[in-house]
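Got a structure for you, questions after.
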Amino acid sequence: MSNQLGLAVKPVTEYDDAEVKRVAEWINTEEYKEKNFARQALVINPAHACQPLGAELVAHAFEGTLPFVHGSQGCASYYRSTLNRHFREPAPAVSDAMTEDGAVFGGQNNLHEGLENAIALYKPKMVAVFTSCMPEIIGDDLTAFLKNARNKGIIPADMPTPYANTPSFNGSHIHGYDAMLLSILQTLTAGKQVEGRCTGKLNLIPGFDANTGNFREYKRILEAFGIPYTILGDISDVFDSPLDGTYRPYPGGTTLDDAADSINGKATLNLGPYSAAKTFSWVKDSYSGKHASLPMPMGVTKTDDFLKKLSELFGKPVPESLKEERGRAVDAMTDAHQYIHNKKFAVYGDPDQLLGYVSFLLEMGAKPYHILCSKGTKKLEKEIQALLDTSPYGAGCKIYINKDLWHMRSLLMTDPVDAMIGDTHGKFAARDAGIPLFRFGFPIFDRVNKHRYPIIGYQGVVNMLTEICNKFLDITDETCEDRFFEMMR
Amino acid sequence: MSNAAKRVEGITKESTQEMIDKVLEVYPEKGRKKRAPHLAPNDGVSSCVKSNRKTVPGVMSARGCAYAGAKGVVWGPIRDMVHISHGPVGCGWYSWGTRRNLMSGINGVTNFGMQFTSDFQEKDIVYGGDKKLKQLLEEAKGLFPLAKGISVLSECPVGLIGDDINAVAKQSAKELDIPVIPCNCEGFRGVSQSLGHHISNDTIRDFIIGTREFAEPESPYDIALIGDYNIGGDVWSAKALLEEIGLNVKATWTGDGELDRIAATHTVKLNLIHCYRSMNYMCRVMEEKYGIPWLEFNFFGPSKIKESLRAIGERFDDRIKENVEKVIAKYDPIMQAVIDEYRPRLEGKKVMIYVGGLRPRHTVGAYEDLGMVVVGTGYEFAHGDDYERTSPEMPVDTVIFDDASEFELEKFAHQIKPDLVASGIKEKYVFQKMGLPFRQMHSWDYSGPYHGYQGFPIFARDIDMAVNSPTWSLIKSPF
Amino acid sequence: MSNQLGLAVKPVTEYDDAEVKRVAEWINTEEYKEKNFARQALVINPAHACQPLGAELVAHAFEGTLPFVHGSQGCASYYRSTLNRHFREPAPAVSDAMTEDGAVFGGQNNLHEGLENAIALYKPKMVAVFTSCMPEIIGDDLTAFLKNARNKGIIPADMPTPYANTPSFNGSHIHGYDAMLLSILQTLTAGKQVEGRCTGKLNLIPGFDANTGNFREYKRILEAFGIPYTILGDISDVFDSPLDGTYRPYPGGTTLDDAADSINGKATLNLGPYSAAKTFSWVKDSYSGKHASLPMPMGVTKTDDFLKKLSELFGKPVPESLKEERGRAVDAMTDAHQYIHNKKFAVYGDPDQLLGYVSFLLEMGAKPYHILCSKGTKKLEKEIQALLDTSPYGAGCKIYINKDLWHMRSLLMTDPVDAMIGDTHGKFAARDAGIPLFRFGFPIFDRVNKHRYPIIGYQGVVNMLTEICNKFLDITDETCEDRFFEMMR
Amino acid sequence: MSNAAKRVEGITKESTQEMIDKVLEVYPEKGRKKRAPHLAPNDGVSSCVKSNRKTVPGVMSARGCAYAGAKGVVWGPIRDMVHISHGPVGCGWYSWGTRRNLMSGINGVTNFGMQFTSDFQEKDIVYGGDKKLKQLLEEAKGLFPLAKGISVLSECPVGLIGDDINAVAKQSAKELDIPVIPCNCEGFRGVSQSLGHHISNDTIRDFIIGTREFAEPESPYDIALIGDYNIGGDVWSAKALLEEIGLNVKATWTGDGELDRIAATHTVKLNLIHCYRSMNYMCRVMEEKYGIPWLEFNFFGPSKIKESLRAIGERFDDRIKENVEKVIAKYDPIMQAVIDEYRPRLEGKKVMIYVGGLRPRHTVGAYEDLGMVVVGTGYEFAHGDDYERTSPEMPVDTVIFDDASEFELEKFAHQIKPDLVASGIKEKYVFQKMGLPFRQMHSWDYSGPYHGYQGFPIFARDIDMAVNSPTWSLIKSPF
């Protein structure tokens, strides 16, 4: 029998319970794990997004800057929604809404018309242009298009329009972040280097980081040191703005003047060695002053390194207040170590944060047992392994580069751990494994205010261990037999 | 409600037009010309705005793309299929779990609400992705043996580099012995997600409908529920209600949908369609090919539910008609209790709506059941027939906006001063920063269901919570 | 049959399952609740301790001060353990170890010998003496005893020895706090009032508060204002001291000089209207400058009032940074309101905190449904009722003064709520009711670092709502059916 | 282990005495005189320190009081009784849930691990509390009908104001028809919690023992487990082990204890006592009155467990002796595996102990099983017979301290530099601030059980965790 199109007609079938049970058990097996890890082409539940998302994030990080997607409008809606959901804040960005005819004629008309409208309506000080797939594939020449726009007077003479090629079929959101940041800095600093001038300031490059609390924490630390600074770029007020009845599309960000003058800084410190690699590489060649790159300051040791570096770069002693904070963090760690010691964790996320989780867990005597980065490099793998090798708690921990959260699920089911650290997307695997998920990564769609609590610095250590240990204690209290339910823990 | 010309005090044709003109003033000439026809005071009888046109570049549209319409709306909710986002990693990642089309079944076993992607790399762009596609289809079949089928949803690059997913799908379907549906829903096609719906409907027509038949004998009460995507459980509420009046809901399109049941829908006696925009195409096809009549209905709020149940009853025999009256009699007092609780707290409150699909018109009655007034509405991706259906539902002279930009919405809100804005995630925090209570009306703001009698009490509670949360009163600083 | 003492001998009986089941159900009934509320003499699971505990807490809050219990050594061990467990910090205090002969001869010898040893061993700058039951009952004359000790040279001439009668059969820990604080201030300020002198400082009286984060938050707020201050007394460094390898018995506290000079302050602000009532009443009569008393600044409105008062007392505008913080807190509240709106809470604790919980919950649109204070007054009841009356969410909420946590259990079982706020002691009732307990009170024995996160000020609002809403979201994720398990919440 | 004189390298009689002298120097003369006899180098054979004396005022003792010994130690753990803290609110509140004597049963139904207090007010002090007591006993009976009995534990004021709780208890017991046990354990009595144990033992003697009899026939293997308070589940571990060797544990004193079973203990064939200090009194009474022999044993660490099991076996027939060997053979390899895992990480590490009851001597062997060396030990409230038993267990010349002050402990630790301090909550954070790993050894630091074969792996894990936590290495700041 066949239908009107000649397709075979079969009966509607219902699932057989026994078969469902068999498969449900099978997907938890070692056999399945092997089959799963044998995948070559199919990616299931990856823990990374595409370049333009990162480009948009960093565009928001500058004063009065309108992120501008050269490409389909749907792309822009996706990026914006992601940021809205994570921060629970507005994320104003436009696209030039390319459609089929773009494939034929190229996107210049869209770009020009889009710039004209966007500038009129949203009155930006800067428009940061980046691409989604379509113009990348048809080979749009952004350099020429923007030059033409400027020549046609569509772009006001004094308005910077940095732009970046951010193809989605290459790298991940952190690479788009890097590319856009690089262009913004190149654009803003062009011609601003002044022989002999020194701002006396630190340029701090945080890298892709969607935790506004981290930015406030960086500032607090630098202020405690008395080190003047420019954060390149600063999302803290942009994505954690007060509610006072007035909507402001550009509620903060690194000022364009500060960014421009950053080239004359006293020192530049990169804290996103993976997510701002290209930017930093250019900065090293182009910026005055000293340059240094350090891992994100997560955990005590990496925070120590950060403070030592600040001290060294600016010839200032570590302030007493921070030394005390360090002592209080270590105090909290020793007080709580027994609630986390030797617990096994599965961790996943972007390279810079991943190194931080591993470092923090090892310091607590916990085991970062399954370490997964769905978009990583050999270099990352080596760096994580080196970190694991520094601690007895790193023994037996394994690193999975360019694997996804469906691989992770197999790991959790065949070689169980006590908890997971990552972003919201791991929640399905965590549920199947019956373990808690600590949402320290990006994005977080299902909890509130996680982005307001820093995970860097000594305070970040306290925040992470408090959340983790208290959750383990919640679980003990919620799952223990009556006879083990106790006042003290 | 759709007859007498409703009016809102203080809103006249002139005042609305003046508001529109003021907004348009800021546009450059070309943009103004393009946008002007999309904004109008409601004339109460016809489609008064232009629609389904290209988005004006640079205006901060809320629209998605064809892929979004295909993956997020039509295909994604079918629970027993593996849906491949074919192309780079992003599209699938952004649309993963962000639409709240709830599903039964066991994740990874009988439901596949995960993200499957071919994760295109540079080399796939250069050399093409067909080989990779073929391989990943095999892998999917191997890892998910209970999947009833696989959809291949093209992202932009696929169409641009000239891959032939149709050929691959055909071959793989044969080799793997399951339906593999190629869907050329590249994001650059068309002007919004709307074309994605249409393309998806077409692929259902071409690859699915008529390929299954129900084991059980036909009955005069067999129907399908079309255009309900089970946001927050809507399908479960609607289905229960339709069953309560004695109908057999043989398939749900596509919320919590099952491939086989969808494929056998051509044998039902009536298609009931909630979201006209996204699925009228297939209703028409089934009407033409199989002679299945279809009926639009509205399950938001007791007034519309009652009206709809009776209209549905009219298509059946007395048994169903009697059931309808029984059901209405059963729920009327329950709904009245809900209204009694919340209406005093919501009476006269003004709502501005901007969403997609059916809701800019379908929810109007539900607000009115709560004593609220809708003072403006619009769609992201509607067509003329949507606006025709909207006009009579809305008070005369209120503003209607099509593919509104955030700029326009913001200005309208400043002028209209709504007590509630009902729109999407991208708008939510803009209006909240303005101090305006807000509910996400694509996703029910992580609540729901809102459909049917199960849904209205939840809807009423949520609207009250949004409008009357004491947190709003704290915005004004004493300093 | 009878045993060797003539007591009847009966068979060993085991519990009858049916009977156990019946009683287990019965204790959850309305009938049981009425019987339970009819109690006149028996107190079960009270949520308050005795006076000396509070006295010890405030004694620790001053520089170099050794709390000294005049009474049995067991009492001192109990107070110290309680503070150790709550703060996970040392709490050095001594007792003069009175025993039976004290009942006969009085405790003067113990006091004198104890002072001599304690001063030699622990080298305090001040010894704060307070009583447990025994000397209170036998009528020891502390005034005379201490005068004699000073005359005998046991107490160095320049060492202040404030003392307080803190009978355990009267009031609760907050009253002991008040009594000891009053004596410390009276002792230190005696003769220090200088006509015409004004320190220019604010004296801030926090009242009984075992949250070190609150103290740091007060300081941060005052520093943002640029208001010089003396906190009377300051436990923040005492009970949250760094771990650096050195044990310091007195790691912080209000300096004795500052405390002495507080009498010449520009203004004194009491934030513990219930737990520092007597102290403030004396301050009003004795201190220079302006005086004001406000509720603990919990929730936005009470924090607003606090900042307004600071602004008024010091003629300084509310700093922009705090206005922004306010806006961010309100932003967090609106973003999260749907996760807590209309949820019912059972709250219990000390009066000052209790008012704060109620205020915060009403602001969030939640219902403080059962409000219980196991040691309270009519005045407190009226003040809470007045607060409830300001909000529609206060309707139906009931206040229970001088009831205990066994009464609370009956309330939870017969008229259920969604969650509880209080201290660790409520955990048994919360478990029986199957609801979460938010540990914001004192003491907290079973979670870590809760005392490091402020619950006052705008940051306190964010902290409380984050913990509450995210726990509700945890519960949703952990308890929902598979089909309702979702990425976004 | 208790024979050959163990020594610790670098510790001599002189070095220890010098350390003690240096500590004593700081005391005023009177204080020094009083404290000196309580501190001594271990002579390896006898009780070398004075003990059970009044605490020196002002020295920051860790001791509790008689009430603490009665409520916290002896009475509190009996699960099916209501224990009234009679007097002001504090004593009961502080001792509520802070000892970790775990209990079976349903809270408020068949177990009463709550806080019951008469919450004395000024007026009760002035007019006496007997009437209130009578009433609250009625209320307790009414609200907790399944309670098997009620204990009335006097706090300081009761004895001082001259209340007669004995008369009230007697009358109420009759009226309510359940045992009501008055216990005059006012905190000012005696010098430490020790008298509270004694008083409680006496009340058990006077009011309980012999008042119940088991329904089932006697057996030669009937024993009672005495002086195990089920901290972290110790009783459950010990009981399981005793049952595994074939003994019937008829009653547990008083961890997870049941009033009736305790009352019927006079019919057992042997009393096995773990905590000698707190319960030797009743063992002696039962020996004298009922001819029941008793045996001290030690269930910490495989060496001592093995020794103890064999000694227990000796008291029974071959069946039990054989069982003992079987059990040892079964667990030896398991314990060896534990030792193999942890010993390399703990070998040679030094421990300083300061606790109460039995642990300052009983745990020594367990540390030694892990390769550790105990370099100092002492008790809060021991008597001479405790120190006699301690001396042979400890390396010669190590310091022994009785009722040590925090000052002394701190100075000793500075000198001895232990790798682990095993003491109580009041000491914990003092030593941690000094950078010294610490375990609470009253409460097992919220872990446990530590008794028996179930306990040793947990003990080993915990000790390793404390000593080897990498957090300690972070204390030294690089700045």
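A, B, C and D are the chain letters, set down in written order, and residue numbers restart from 1 in every chain.
The rule is simple: a contact is a pair of C-beta atoms (placed from the backbone, for glycine too) under 8 Å apart; a residue touches a chain by one contact, two chains touch by 3 or more.
All values derive from a computational prediction rather than experimental measurement.
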Chain located farthest away, centre of chain C as origin (C-alpha): B
Pair exhibiting more inter-chain C-beta contacts, C-D or A-D: C-D
Rounded Å distance between chain C and chain D, as computed from the means of their C-alpha atoms: 31
Centre distance in Å when chain B and chain C are each reduced to the mean of their C-alpha atoms: 53
Centroid spacing, where centroids are CA-atom means, of chain B and chain D in whole angstrom: 68
Where chain D touches two or more other chains, by residue: 96-98, 106-107, 429, 432-433, 475, 477
Where chain C touches two or more other chains at once, by residue number: 85, 88, 241, 243-244, 323, 326-327, 330-331, 334-335, 425, 428, 445, 486-489
Category of the chain touch graph - line, ring, star, complete, other: other
Residues on chain A engaged by chain B in the complex (per definition of touch): 3-5, 7-13, 15, 19-20, 23-24, 27, 32, 35-36, 39-46, 48-50, 52-53, 68, 71-75, 77-82, 84-85, 88-100, 102-103, 110-111, 113-122, 132-134, 137-138, 167-170, 172, 241, 243-248, 406, 409, 425, 428, 432, 445
Chain B residues within the chain C interface of the complex: 96-98, 100, 102-107, 233, 256, 429, 432-433, 443, 445-447, 461-462, 465-466, 468-472, 474-475, 477-479
Residues of chain C touching chain B in the complex: 300-301, 304, 307-308, 311, 317-318, 323, 326-327, 330-331, 333-335, 337-338, 341-342, 362-365, 391-393, 482-484, 486-489
Touch list for chain B against partner chain A, complex: 26-28, 30-31, 54-68, 84, 87-91, 93-98, 106-110, 114-122, 124-125, 132-133, 135-136, 139-140, 142-143, 145-146, 155-157, 160-161, 187-193, 206-207, 209-215, 260-261, 263-264, 289, 405-407, 410, 424-426, 428-435, 475-477
Complex contact set, residues of chain A against chain C: 85, 88, 240-244, 323-328, 330-332, 334-336, 339, 424-425, 427-428, 431, 445-450, 452-453, 462, 465-466, 469-470, 473-474, 477, 485-489
